[in-house]
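Quick heads-up: structures coming right below.
Next, two complexes with chain A in common: one pairs it with chain B, the other with chain C.
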Partner chain A sequence: MYVLFVLPAALLLFFLYLLPLARILMISATDGQGFVANYGAVLTSAPIHRMVWTTVEICAITTLATLLISYLIAYVLVQVSERTRMWMMLCILVPLWVSVLVRAFAWIAVLNNSGPVNGLLQWTGLTDEPVQLVRNQFGVMLGMVHYMLPFGILPLYAAMKGIDPKLISAARALGARPFTAFRRVFLPLSLPGLYSAFVIVFIFSLGFYVTPAILGGGRIVMIAEYIALLISQGYDWGIAAALATMLLSVVLAVVFIAGRFADWDSVLGGSRR
Partner chain B sequence: MTSIIQDSLAIVAEKVRTGQMSRRRFMQVLAALGAAGALPNWCEANAQTKEIIFSMWGGDAEEVYRKAWGAPYEEKAGVAIQFDGSGPTRGKIRAMVESKNVTWDVCDSGLGTQSSLGPEGLLEPIDYTIVDKNKIVPGLAYQWGATGYIYSSVLTWDSKAFGGEEPKTWVDFWDVKRFPGKRVVWKYMVGVLEAALIADGVEPSKVYPIDMDRALNKIKELKEHLVLWDNGASSQQVFRDGEVTMGQIWHTRSTMLADESQGRFKYTFNQGIVQPGVWVVPKGNPAGKAVFEFLASMQEPEKQLILLKELSQGPANPETAKLAPELASKNPGSPENLAIQVFQNEEWYAKNHQEAEKRFLDVVSS
Partner chain C sequence: MRLPKSIPGNILRGLAWAGVLFLIAPLLVVIPVSFTPERYLSFPSEALSLRHYETLLFDRRWSGGILTSLLIASVTTVLSVVIGTLCAVGMWRIGGRRMQLLRLMVLAPLIVPSIVHALAFYKSWIDLGWLDTVWGVIVAHTTICVPLVMITVSAALSGFDHRLEYAARSLGARPLTVLRRIILPNILPGVVSGGIFAFITSWDEIIVILFITARKVRTLPQTIWSSIMERVDPAVAAISTVMVAATLAAVIIKLTLAKRAAPQP
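So, the complex of A and B:
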């Protein structure tokens, strides 16, 4: 009976998602010189290695920065009054509705060499020359962290909200200093939330496309954009599909390994308690 | 990848929006861009043809284009002209033809597409019994592509940036001491390798065949100073925003920059890289031969003249320029301008385009 309710969604997923995905696998194994050549090219090509390395580097730094900032904001969120929290939530959520394209161009407008930030820096005498803040790796990471913050804050907030504040009080009553109470009680309890935030943020970052293309000034090429170029410019579909397949494998691996420690229940709105 | 036609449409749409061009004039430009003119014998000759699918690059223009031109034509000839603005990239044309599911009749593209897809059997040869070779500048009637217009990637600069000094050549473009600031070049390489070789001392007339290693090494020198543009509007915007002081951009955008800034932004055709805007027909296109009648109508000088006047696009038909000799200085295809530029070499691009594009991207992004 319940199968009937799930059926439409399952069919939709099968035909519109799994089937095309299977085709990608097919292409990666059959197009061009075949399986060995395609995957071999991905594994041995120096340009692809450079792009993969750029991607990993940017994703690692972006994820780290996002989690750090998210943790602080989420921590504040659980401490403040209901009213303040509402305003903070609003500020966190509203950017989610602003297109990623608009945000990228907004960063360019604010941070370019003749923009207001550089104007301020020069006016205050902190620098003589304009500082290059966008159209480079820094700009890409800034744009990505900005985009990813809500995705880091929300799972962390959900996890922290579930931590009983009495536990901290108990730790304090037993003589722990505030920092010790945080480190030995609060932090371990918030770890599942941190893991879920990590999985979401890291995987999202791996697939970034628009932000690096614009804020990187065209010179920061990450995997997603490289795959798109290989396909649309018609160079090598086999290699593009192989690269896409490997990216997908990495994503699945991250989901399975890091996801085991994550607290999906609270992230998805359910609760074990 | 974007294209010069898409960009031209964006330019006219912008002019209408800002009141620099009347709606009526706009229709004429659209008609000329798409070679819209009524062809009395066209519908007789192709009684079965119900529609022609015109693949272009979308944007704001697509909607207007459909309304302004598709609908009236449908009424007149009984043949609908449908627009697909999703952009005929090389990859998409290949996918269509290889899966034998071709929906496009004519694609707006460049020499690279003609030269790389044609020999692979993915394009229909142009029927030059219908399309008139004599209405195309000699040498630009390619086997798989008819040239409809000419454009050039030219040296463009901000005259306020260098205290009165003016860059004139690609050697100057590479000289970051005399001419400080960022430079913008096209993400898809065409024109940049040529400029690099000239900057490295190669005679403009001896650029082809391109020594790729030499060109890429020269580009490495300038890499830290480069920003890449990927569509015409963005190439113009980086100048307006003061992000760059120099660039190699399409001359259609350079003329706009010069006009809107009252001469602050300047450009020169000297050592520009001239390229043909080429119309190609995917193999097995649904309308069949009928599409060539459509291409033929694009060759009328009166229509091409509108393009030259409004967009400075160089007409492919040599007769066009005679109608307006006063515009010669803005026309990349005029004899005096052609003499100081480099013409994109078909043979070299046929063999090396994709490889060069990939290697260029690797060099600038590493």
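So, the complex of A and C:
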């Protein structure tokens, strides 16, 4: 009887999600000049190399910066008063729920040549000409870190909330200095949260389309936008599908390898055993 | 555990506040921009103007987009809440290893990068004749939203006592009755938050839309996207202000309710 309950979801996801996805994987092996030609092109083409390098570089820097800032914010968040925490949470949750398009647009409004940041720079006399802040790698990374931060902060906060503060007091009472207590007790206990934050932030950054496309302004092209461009400019599907397959494989590998160490229960709000 | 009122403690607190303000500040900049009387992106220097808000109401590209998005997001929410809740309850009840594969399959849309499934929908929707139809968008969005409902409902179920369900069954209730009278009332918060997740996800979705719609179906994100890409139109600032204000109100309500619900010390 309960099998009937899972049936609609199973049928929907199988026929209208997994099967279409499997077709893309098939296309990467059969379309155009076939498997060898498609993946060969991906491995040898100079523009694709440049694009992959850009993607990896932006993704690595963004992930690192996001995790560092998130850790700091989450660490302070578990220790401040209830009132302060409410205000900080408000500033974290509002961006999380606002459309990604609105957030990318907001950065254009802030960073464009006549925007407030350039206005401030010129007013203080630091520069005479407007500084190019968007449509370059800097703008893309800034927008991406801004997008990813709540996804880094919330899992880390959830994990840190579960750490018993008495453990730190005990370490201090036994003579550990504050930094030693943090490094030897708090940090190791927060690692599962750090792993889940890493997995979420990294896989989101890798396949990110909207923010890089808007803030990169066509000059910085990451893998997701590159795939979209290949399709919209009418190139054959083989290479696009091969790139999509490779992107998917990397994402799955990260989820299954790094995800093993992660603390998914507190991220997903499930019960803690 | 409290952060000590020492110099390092204060530095940490200051840095955290800087980070938090970095998150919210850009969203507030769009508010003054939306009142500019000019046709280009600028801060209003003398007079304020509501012309860009009028555009949202009277320009078919904007008002039509808002209505289409409302329709698509509403139907998607209903479908994914029903399908996702049933599936979560079924998996919770059947349990065991057999369900692991199914769980992986249902959660897949959360892990697969949007560009990859956008490509997949596009290719298959061509053959099904669903390209550029409202129905096609709803089906695609539903497959993406079912896992969100699954997660929130499963979380709610994990705190629900199996024995209540056994008791109802042994007293002769059929599975659907048990679902309606026993399980649903207990997991309602999870169902509602799943529904909110689904609605917002469908309402904001742009990548799949870019691939599977063309002229006939125009959602709000599509109008925003083309306005940003073609020429940056201050009407985007107006819709952004509306959306930021709505989100702010919703989050404040949620935080206040959560505070009231929390046990008083």
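The criterion applied here is as follows: the second predicted complex is superposed on the first by the 266 of 273 C-alpha atoms of A that agree within 3 Å, B and C clash if a C-alpha of one lies under 4 Å from a C-alpha of the other, contacts with A are read in each partner's own complex, and residues count from 1 in each chain.
To be clear about the criterion, a residue touches a chain if its C-beta (ideal position, glycine included) is under 8 Å from a C-beta of that chain, and two chains touch if they have at least 3 such contacts.
Model, not experiment: these values are computed from the prediction.
Asks: What is the contact status of A:262 with respect to chain B (first) and chain C (second): first, second, both, or neither?
Replies: Neither: A:262 stays clear of chain B and chain C.
Asks: Contact-wise, after the overlay, does A:219 reach chain B, chain C, both or neither (first, second, both, neither)?
Replies: A:219: touches chain B, not chain C.
Asks: Does the superposition put A:21 against chain B (first), chain C (second), both, or neither?
Replies: After superposition on chain A, A:21 lies in contact with chain C alone.
Asks: Who touches more of chain A, chain B or chain C?
Replies: After superposing on chain A, more of chain A is contacted by C.
Asks: Quick check for you: in the superposed arrangement, does A:114 touch first (chain B), second (chain C), both or neither?
Replies: Touch partners of A:114: chain B and chain C.
Asks: By the touch definition at the top of the document, which applies to A:133: first (chain B), second (chain C), both, or neither?
Replies: neither
Asks: For A:8, decide between first (touching chain B), second (touching chain C), both and neither.
Replies: Second partner only.
Asks: Identify the partner contact of A:91: answer first if only chain B is touched, second if only chain C is, both if each is, neither if none is.
Replies: second
Asks: Which holds for A:231: it touches chain B only (first), chain C only (second), both, or neither?
Replies: So A:231 meets both chain B and chain C here.
Asks: Pick out the shared contact residues on chain A: the ones touching chain B in one complex and chain C in the other.
Replies: In the superposed arrangement, which is not itself an observed complex, chain A uses residues 108-109, 112, 114, 231, 237 for both chain B and chain C.
Asks: Which residues, counting only chain A, touch chain C once they are in their complex?
Replies: 1-6, 8-10, 12-14, 16-21, 23-24, 27, 69, 72-73, 75-80, 86, 88-95, 97-110, 112, 114-116, 146, 149-150, 165, 168-169, 178, 203, 206-207, 209-210, 214, 223-224, 227-228, 231, 237, 240-241, 244, 247-248, 251-252, 255, 268-271
Asks: Can you name the residues of chain B that touch chain A in the complex?
Replies: These residues of chain B touch chain A: 1, 89-94, 116-117, 182, 187-188, 223, 226-230, 241-243, 354, 357-358, 361-362, 364-366.
Asks: For the complex, which residues does chain C have touching chain A?
Replies: 1-4, 8, 12-13, 15-17, 19-27, 29-30, 33, 41-43, 82-84, 86-87, 89-91, 93-94, 99, 102, 105-106, 108-109, 111-124, 139-140, 142-143, 146, 150-152, 154-155, 158-159, 175, 179, 200, 203-204, 206-207, 210-211, 221, 224-225, 228-229, 232, 236-237, 239-240, 243-244, 247-248, 250-252, 254-255, 259
Asks: Looking at the complex, which residues from chain A come into contact with chain B?
Replies: 47, 50-51, 54, 108-109, 112-114, 135, 213, 217-221, 229, 231-235, 237
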